[in-house]
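Both of the next two complexes hold chain A, though its partner changes from chain B to chain C.
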Partner chain A sequence: MSPLLEIRNLRTYFRTTAGVYRAADGVDLSLDPGRTLCLVGESGSGKSVTALSVMRLVGVGGSIEPGSKILFGGRNLACASEAEMLKIRGHEIAMIFQEPSTSLDPVYTVGYQIAEAVRAQAKPGQKVTRKAALQRAAELMRLVGIAEPQQRACDYPHQMSGGMLQRVMIAIALAGNPRLLIADEPTTALDATIQAQILELLKELQVKFGMAILMITHNFGVVAEMADDVAVMYAGRVVERGSAASVFTAPQHPYTQALLRSVPVLGMTIEDLHAIPGSVPSPLGWPAGCRFAPRCQHAFERCRLEQPPLTAAGTQESACWLTIRSLDKAREVQH
Partner chain B sequence: MTAQQDSTKSASASRPLLAARGLTVSFPVKTGILRRTVASLTAVDGVDLDIIEGETLGLIGESGSGKSTLGRALLRLVEPTGGQVILDGTDVCALAPHALKPVRRQAQLIFQDAAGSLNPLMTVRQIIGAGLRAHGARDQAERDARVAEVLKAVGLDADAGRRYPHEFSGGQRQRIGIARALVLRPRLIIADEPVSALDVSIQAQVLKLLVELKQEFRLTYLFIGHDLAVVDCISDRVAVMYLGKIVEVGSAAEVRDRPQHPYTRALLSAHRPPALGQRGQRVVLAGEPPNPMAPPSGCRFRTRCPLAQDICAEQEPLLEPRGTGHMAACHFSHLVGGPAEPLRVSL
Partner chain C sequence: MTDIVLDAADLTAAPVARDRVLGRLWRHRSGRVGLVLLAVYLIVAVFGPLMVLWSPSSDVAYQNLFQALKGPSAQHLLGTDQLGRDEMVRLILGARYTLLIGVGAVALGLVVGVPLGAVSGFYRGWIDLVVQRIVDIVLAFPNFLLALALVAVLGPGLRNVIIAVSLASFPRFVRLVRASVLSVRERPFAEAARAVGVSRAGVLWRYVVPNCMAPVFVQVPLEVGSAILTAAGLGFLGLGVQQPTPEWGAMLGQAQNYIFSQSYLVTFPGLCILGAILAFNLLGDGLRDVFDPRVRAVVRRPKRQAT
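Coming up: the complex of A and B.
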């Protein structure tokens, strides 16, 4: 199966007065049709910028550097024209965000805003009347689990709760029947019990619509719940990727290992928790060599000099000299 | 302290450092040009809570459950509309405003948004020293010495005192917030979501620091949070709040392994994702929290509760003992079941 989305060496830089901010700096990942890839990382690791780069929404001051490849359906989105992107956004790739309340217009009803998306996403040459669009909006609202959609369609965003607004955002995203849904921390702002509802909904809709989901999160609970595949990001790069099962049960990269041990799981005591020393480096000046080396307890000389490439390790890939060294040793023994 | 007191302190049932009785906080809801009061919102409704000296009590609830308001009302940072707060024998609610100072010296707050709670125009030394100054430490050199001492205790360089809050990362700013709370040598610290805004790798650092400081300075914590796993790992006891009421309280292990309230059970389920490959096996709670201005009659959870019967609408369940030191407010506690088994009534 050929991947639906493949990103190779994506570099998205922001030129600021303080210097060049290398938010995404050599991201590699791939997502198969109908599957869910969770992009995990701390704030500042470049996961949101990666998602925005796919949509080509990096904004003023940001640029996708030459040589970056974002392959989607046979095209390289990194150098697609704005006209081409208009055909892709919403129709083929849709996105939902962390804060639904700031993504919706406060002066229009939610029904109007969904209907607007329905009309914008209509096939070329196909005219959708206002009335038909409103009808479709109500249908979509029912689909995302909003009770009494005809009435709720007349609500303004401030009249709805956070969970309901996220459902509205999902309805808007579904209006174009996309092949890929990018969800940037869709449940972070929601309460635990509401978060569970939204995740269930996304899983249900994924099957119904046959979409692939690129989910950005820092929450391992969400990853365990949703992911088929996982890519772990640190300091602008993917440091480990593979199936969720393998990354969870046998993490290869020291950062993944440390991160998994620093997240409290129910029933853990404070002694079971391992803190990662230091803090995330600044995108204005990544450390030389492996970017995790200054915080890594296994770091050796080569780690501080050369950047490790993603290398097959076990059933996943990891970017770590330690793994590469042990693989080399194993090979020597064989010869 | 007498020997007798000392022995009771080491026993499991120690005296509370802080006790709330029937604590209620209502806010008027105003509307129109004339700002007429049209309704009232009861954020905290008749809460009884004991914080025992030396323990960490976790307080967990969703947004809007009233957990932060409760934390603030305990120090009278919001004025309670009813009930009592007794801190070490003194009724805090009965004190005149000027008499509150000594009380506040004993109990300090740490906030979620460290950046927003530090004055950007003041150096770290001024921020931390402000409390000392307000409480009468006139001598600059003495203040600076105390500031340096707490900076060291929270793991910051002495040099940090000369810098401004924006020069620090999120985790370091939270350390400054902790230092500010510590400098007055309080006995009780109310930590309101202290790690929620931090990255996962930094969260563990700050949690470990809080535990170290607790031992070093013999502190008592009220740890407010919404992440059950975080609250569970740091707390000795856990109290669960829903719509202004405590619905369950007990030792962390009891609440985690033998929840007696269906809401706690649902929270546990939301936090305990199924093992990989078992997607979609968990309990998802239907609906959303009801409007706090018009809470449901009887049990407030009944509109979302899978176990609800007629009695739940008629009679409000009281917080009653369910095993050692474990209390829950539910008519059907015996049907709740352990976190691993499926709920007996389908959702």
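Coming up: the complex of A and C.
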């Protein structure tokens, strides 16, 4: 099966007065149709920028550097025109955001906003009447689990709870029947029980519509719940990727290992919890060589000089000289 | 947050029309006075010609020099002017011109100013630069002087007065809308709309601009008041609506020779202009308070319950 979305060497830079801010600097990802890929990493590791690059909504000052490839359904979105992107956004790729209460327009009712999306997503030449769009909006609201959709459609965003608003956002995203849904920390702003409901809803809709989900999160609970595949990002690059099961049980990259050790588990004492020493380097000047080397306990000479490529290690891929060295050794033993 | 608490208390105090702007305006003291005053002016403006059909002075070209400059009497409640026309009839007929100029000029200012401000704030870049420099230039002139110069070029007449006066008001709308757009366009829903496939222009007109209209609504009545004043000034100088059309400013200008002998001829048109501007300003004050949640909290303070 060919991947639905394949990102190769994505570099998204922001040119600021302080210098070039290399937010995404060589991201490699791939996502198969109908599957869920979780993008994990600390704040500032380039997760959101990667997602926004796919939508081509990086904003003022940001640019996707030449040579970056965002292959979606055979097209390279990195150099698609704005007119082409208008046809893709919402129709084929939809996105939901972290803060549902600010992602909806406060001056319109939610029903109107869903209807608006329905009308915007109508196939060219096919005019959807206002009434039909509102009808469809109510259907979508029922689909995302909002009771009494006809009544709730007349609510304004400030009259709804955060969980309800996220459902509305999902309904808006579904209006175009997209093949890929990008969810940028969709549950971070919600409380735990609502979080679980929203994740459950996303899984259910994924099966129903056969869409792929690219989920950005820094919550390993969400990853465990949702992910088929995981990509771990650090300092603007993917350092490890593979199936969720293998990354969880046998993390190859020292960063992934450290990250997993820093997840609190109920019953743990504070001594059991490992913080990663040091802090994330600045995107204005990434360290030479492996970007994790300054914080890595296992770093050796080569780590500080050369950037490691993503290399197959077991069922996953990891970008670490340590992995590569042990693989080389294993190969030598075989010969 | 305090506002929400007060809202809850308010539920019992005044359950009628709590959420409608008009209802809130009605419960605002000066807003209510403004509304009533404006309603009177509107009725006079719309039905004025029908109210004065009985009088020969309802024909604006009527003259009766035998009756000229007679003081207020039972027959002519507010006296007659220098051509023997009933002053009250002319004031009633004049209401529509004043309102038309005031509202027309501001409407024109809105039609020009809001889109310019929106585009300027949303797209920034060279468009912003050009629009803002134009606005700076226009604002550098005193309002009245600019209108005066424009009428001098275009020639007097109702339409030209409206154009001249609107030129003075549109830059303020440009500034106001631009400032709001600058902040609203950064709000997440603008980006969310883009993510579901709305074009940049679509985001601007359907998402950003509607969120920027509240301050504009507040500004409109205040602008109408100032437009009326400017138009009356032009009329006074004989550059506004031309005789024999009974425009209040022009009537005031005509009567200036009689200011000591027949002072009623300047008093009543002056009072009419004053009342009109007052109506719009009170309405503007009321709207500002209604739209401002901090002031609203004070306005909506529930009456103390007798215990």
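Assume the second predicted complex is superposed on the first by the 335 of 335 C-alpha atoms of A that agree within 3 Å, B and C clash if a C-alpha of one lies under 4 Å from a C-alpha of the other, contacts with A are read in each partner's own complex, and residues count from 1 in each chain.
Here is the rule we go by: a contact is a pair of C-beta atoms (placed from the backbone, for glycine too) under 8 Å apart; a residue touches a chain by one contact, two chains touch by 3 or more.
Owing to the predicted nature of the structure, the values given are computational and were not obtained by experimental measurement.
> Just chain B (first), just chain C (second), both, or neither: which does A:E225 touch?
Touch partner of A:E225: chain B, not chain C.
> A:A120 contacts which: chain B (first), chain C (second), both, neither?
second
> When the two structures are overlaid on chain A, which partner does A:G176 contact: first (chain B), second (chain C), both, or neither?
A:G176 contacts chain C only, not chain B.
> So in the superposed three-chain picture, is A:A258 touching just chain B, just chain C, both, or none of them (first/second/both/neither)?
first
> When both complexes are superposed, which of chain B and chain C contacts more residues belonging to chain A?
Partner with more touched residues of chain A: B.
> Regarding the shared-chain residue A:A244, is it in contact with chain B (first), chain C (second), both, or neither?
The answer is first: A:A244 touches chain B but not chain C.
> Considering only the touch criterion stated at the top, classify A:M268 as touching first (chain B), second (chain C), both, or neither.
In the superposed model, A:M268 contacts chain B only, not chain C.
> Which holds for A:K69: it touches chain B only (first), chain C only (second), both, or neither?
Neither partner.
> Which partner does A:G90 reach: the first (chain B), the second (chain C), both, or neither?
second
> Would you mind listing the overlap between the chain B footprint and the chain C footprint on chain A?
none
> Sort out for me which residues of chain A touch chain C in the complex.
Interface residues on chain A, with respect to chain C: 55, 57, 86-91, 94-95, 97, 99, 102-108, 116-117, 120-121, 169, 172-173, 175-176.
> Can you name the residues of chain C that touch chain A in the complex?
187-189, 191-199, 202, 206-207, 210-211
> For chain A, which residues count as touching chain B in their complex?
Residues of chain A touching chain B: 42-43, 161, 163-164, 191-197, 200, 203, 218, 220-221, 224-225, 244-245, 248-249, 258-259, 262-270, 272-277, 279-280.
> Which stretch or stretches of chain B touch chain A in the complex?
62-63, 169, 171-172, 199-205, 207-208, 211, 226-230, 232-234, 256, 266-277, 279-280, 282, 284-286, 288-289
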